[in-house]
């Protein structure tokens, strides 16, 4: 067991999770506060015959992993806000062409180069809406290193299962802080391998024809089956088309394969929600302060609880609605201007009872900041 | 008057509006369905001693206009979805450094290269959230050529007034169709000129210190005043800082200068709303079909009206709420999976009465498509 | 007119109002921030053959004015929190014996000696509940010097009309700031003179038998009519009794003569309430910041208004309920932990929509502080 | 056991409780109906080397116990309404300087000298709001002699734990009636001793710096540590300051140390609440009549119950809300104009279902008086 217990940064926990999930190709360009991910993989991947590519920029990075994924590899890149903005065009390509990949955004303050060495959760809506056109996306996050590990594995599993890019949205505090991580034995956590087609050569392989269960078997590009890959709307063989029916169906497929699975994709943790009158909803490092507050107030007998979201997109509206049904007030705790707040307000029965506890100055929100908002929401003053 | 009456494409109406507003620098890379904007400006700008730059890609294009704006020019670029995704990083820079510019996105189907020659309104949320970090943005749209002209002038005026990029979100149908345009005389429409500082040299120029009215006088870069321009959070002299108070205040300034003016930035048109029981809310080419339907049903005595939005961001929630207060049902008509629908549902008193009439196959939504949804919403069957 | 225009402190405006109303007897003990009232009256009263008594403490002060009032004078004392606490026993006596007097409390921070030179509004509930036993009380306040003058006159008028002590609750900012005051001509404002009995000698004078209109004519003590004055429950001649029926009726009389006139005793000012979605409720110096905010936001088209209370007790619940009926949110602005907030929450239809914007550190609440709370109440974050 | 069983007045039960808790210093001035407390302590204290001081008035009394407490004694004074009004200034000092003491107010009818030999519960709100400035307070009450004993011990324990004055609000009926009291053995009930600092001399003692658990160790004044005691806002050494941050924090400390412990400070008794459709809420002698009624009606099978409050302040709103959640109607039974009624109306979900059964004539409310109100509340006629 001792070799499985580590004292690491969150970025390293992400690296461990990726390797556990089978990552064997990483391409990236260093940017604070994500750089340790690249740094550790540069050392680790060659030892397991994986590939580490140092690219010239973030556009090259995402294009490299898309290409590598097509040829059969499990792939990842890691960046922060400015790099994530540059990846938006490539991200759209991987959505349209349905190419599994994991993109880590360790959030700093923004917009632009912003506040590189400080924490923020300002890219939540960008993860959902950053690339153009109608689409859906899966975005995971985590608040501690064990969860970073597990959600990284989950990100790879989801990417492979649904042939989709998955965004792993960490933040500077989680990325840089050190705490304990226990790496599970092989086999302890499920790892989803790529679904490869069993069709061999000929013309019977339809790369974009979903099976009955909605999954699309892949064929390693450059291998036995020849097929077309494009960012244009395309038919079941991959050939471009502007036929309205095909365009409609492909749009719906791209959206539905994720939105229709909102429940099974929902990862979250619950603390003291059974009888909570005040429900905190939080994620990432902000959820750490939220949990601190909840445990402090519970020890005084106050009926407060926490719903920690680990899946941000597709937004688990049903879960949120249900968990908030009995609450007198709901406080969304996040380090931005209220990006998840918008979703919670739409999800709950009574949006008037939803408040925002936030911080936008690069400082980790504290349990006191949250308590101040609860006081104000209860009209108890400063 | 004859010389002021033209029969043009929407993209040309945009060009005429930009020139009327004082555009003297354009940089771009051609992409369907926006190409005519570049094409016409390549011919027009040199004649008025303006500059037209054909760049190597969209990243270069937005960077070129940002630089030119800093030196005192009124600037614009034009693109479509894939190019707009590539511009997201540069867009964030212009938000952070508060550099006036106008970015036209003539929407096609997406994501990725998508459906280049067909209409869509799928980039509405990208215009709001495409770049990383908390920020606000102004986004205008229009449904006919006279309005394209006017909203283009408005886009320049707003960009110069608030030192902000402004997105002009057209769509393929409006961009490519031809109709009548009357160009107003000079002076008929107000044109906002850049607010230049009166400080001459010395150390008294504070490039990021708002005046009492919230506006920040500019100084042509390379001219009398030396100052720093950066995408990092910065103080009133432009020097980078991670001081939490400064970060907080700059974030709030970037957001508030726009969000606090949601009312004065709201441009919209109203048709028959006074006694309407069914209120359509639409924009862009979808608003043309909506207006067609409203006039057809009014001639039969049905109490139906249209609220056509020309400002999409900041979303005019107050206007929407008020105009829908008396309605029995509200139908949002747009050509995407319901991006403005989300905002309308949050804005109105009762979200249960809001319905979506949409089309996502590259075909212009018709008045019949909308009528089908109205019937269904009234439980009258398809 | 020139002699009627003054540039004075709020405490001087109070002095001018008292003299206009007919004050001819003042007893007090100096205490910051009320001292200027004593100071100016020490100079002014002797010139009009009035009496100024410098007492040894606040208990002596309130007892002196009670005695003087009984003999036919219009009386006032002025103090701040600690002195007001010492006056609570005497205050109860004037309630029980129904002796007209005006008590000015220029609020500083408390409890105890607290924060003598800084502003607070922490004595609101003490004005209502500071003395023991069931009773009612009239308490006025004001936010500018013209209003301080008028409410002081009103305080004397109400004291004389209903034979009751009236509390005038000012605060340090209003007391010490200087602004313009126009003193009306004699006769311009109504002045209520004491209702004296027309009964001469004999045994027909019933000092505690209300007339049909509820008022009790007085007889100058030491004059023609002999009668008993006591703090004990008493009958219509003033003789002590513990007869349950008499105790019940006197308690109800003391309460009803004020509570049943809640509407006619209500003094308030309205700003932009007609279409307000956000209603501020404030009083005293906090109302100045509230009005500042309202006018600033109205100029941006925001639907915000202000209800400024000048009568705090009896609390004008009906007025508050009515003015808040259409509001989406109500923000009580006061410089304490939410004392008027409690009343507003009870008064309105939906207490969940009532928020508190407060400040408790001796600093005047600013329009920005209020705006922060509005933002938080609307879940817009810090 | 025989020596522990007594047949006493409620005032004597209070004396026994105080001595059990460790009282060794009492200063007071006699006033009906509290006089027996002073009388008995004058006999008892000298025998245990405690001090009894007969003071010249109530102001002197509270000041004497504050001084004695500072030097390390457990202290108490006792009075009735008029004396309690006189103590308000001293009470504020003990709040601000955080000096443990117990103040007994055996309520008579008021205001002023009122109805000395008859019962009332009219000082409930005065106990909360009688002294000026924002603050919090603990107020206990009891309805029978065993409970008077226990709540007196509790009052001392709370005063010592939180360095705060505690009000013990008895009433004339409880104070004067005689019934059985069993005095527990030493050790049977917990007794909280003063938390003294372990710091010896030097400059390391910070008399106003809370420990991690929020408690402030004391140092006997005049002993090893020199420090400042003041009624002004002060820093952690006790030196006066008007620094806004310090003022804010001390105000919040004074309020939060009590308000944040509303749950753990709540003492109450429940009778038949599990299935009650009519819930009575009462306290003090009124709770005796309430319990009488409940037991009478239960014997007829009616679903009625009683929540007897022993903690009045901080008001246990959460307990009240929860216990009333299933009730069809709630009747507050008290002998005033509805002082606890106000709190109950704010606490419960639906204030429309709360009624008041009261009596304000000096006579104990009877079970018939209460039944009349229940009938009326159920529209069954008088």
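Residue numbering begins at 1 within each chain, and the chains themselves are lettered A, B, C and D in the order written.
We adopt the following convention: a contact is a pair of C-beta atoms (placed from the backbone, for glycine too) under 8 Å apart; a residue touches a chain by one contact, two chains touch by 3 or more.
From a predicted model like this one, the values you see are computed outputs, not experimental measurements.
In this assembly, the chain whose C-alpha centre lies farthest from subunit C is A. Note on subunit A versus subunit D: their Cα superposition corresponds to a rotation of 95 degrees, in steps of 5. Note on interfaces A-B and A-C: more C-beta pairs are in contact across A-B. Subunit B and subunit C have centres, each the mean of its CA atoms, that are 55 Å apart. Computed centre separation for the pair subunit A/subunit B is 30 angstrom, with centres defined by C-alpha atoms. One inter-chain figure worth recording: subunit A and subunit C are separated by 60 Å, centre to centre, where each centre is the mean of the chain's CA atoms.
Of all residues in subunit C, those touching 2 or more other chains are 336-337, 345, 360, 382, listed in ascending order.
Interchain contacts give a graph that is no line, ring or star and is not complete, per the touch definition above. The touching residues of subunit A, counted against subunit B in their complex, run 81-82, 84-86, 88-89, 91-93, 95-97, 105, 107, 109-118, 120, 122-123, 125-126, 128-135, 230-233, 242, 244-245, 247-248, 251-252, 254-255, 336-337, 339, 342, 345-346, 351, 360-363.
Residues of subunit C that touch subunit B in their complex: 277, 300-303, 382. The touching residues of subunit C, when paired with subunit A in their complex, are 332, 336-338, 341, 345, 352-356, 358-360, 373, 376-377, 379-382. Contacts from subunit B toward subunit C in the complex involve residues 248, 260-261, 263-264, 318.
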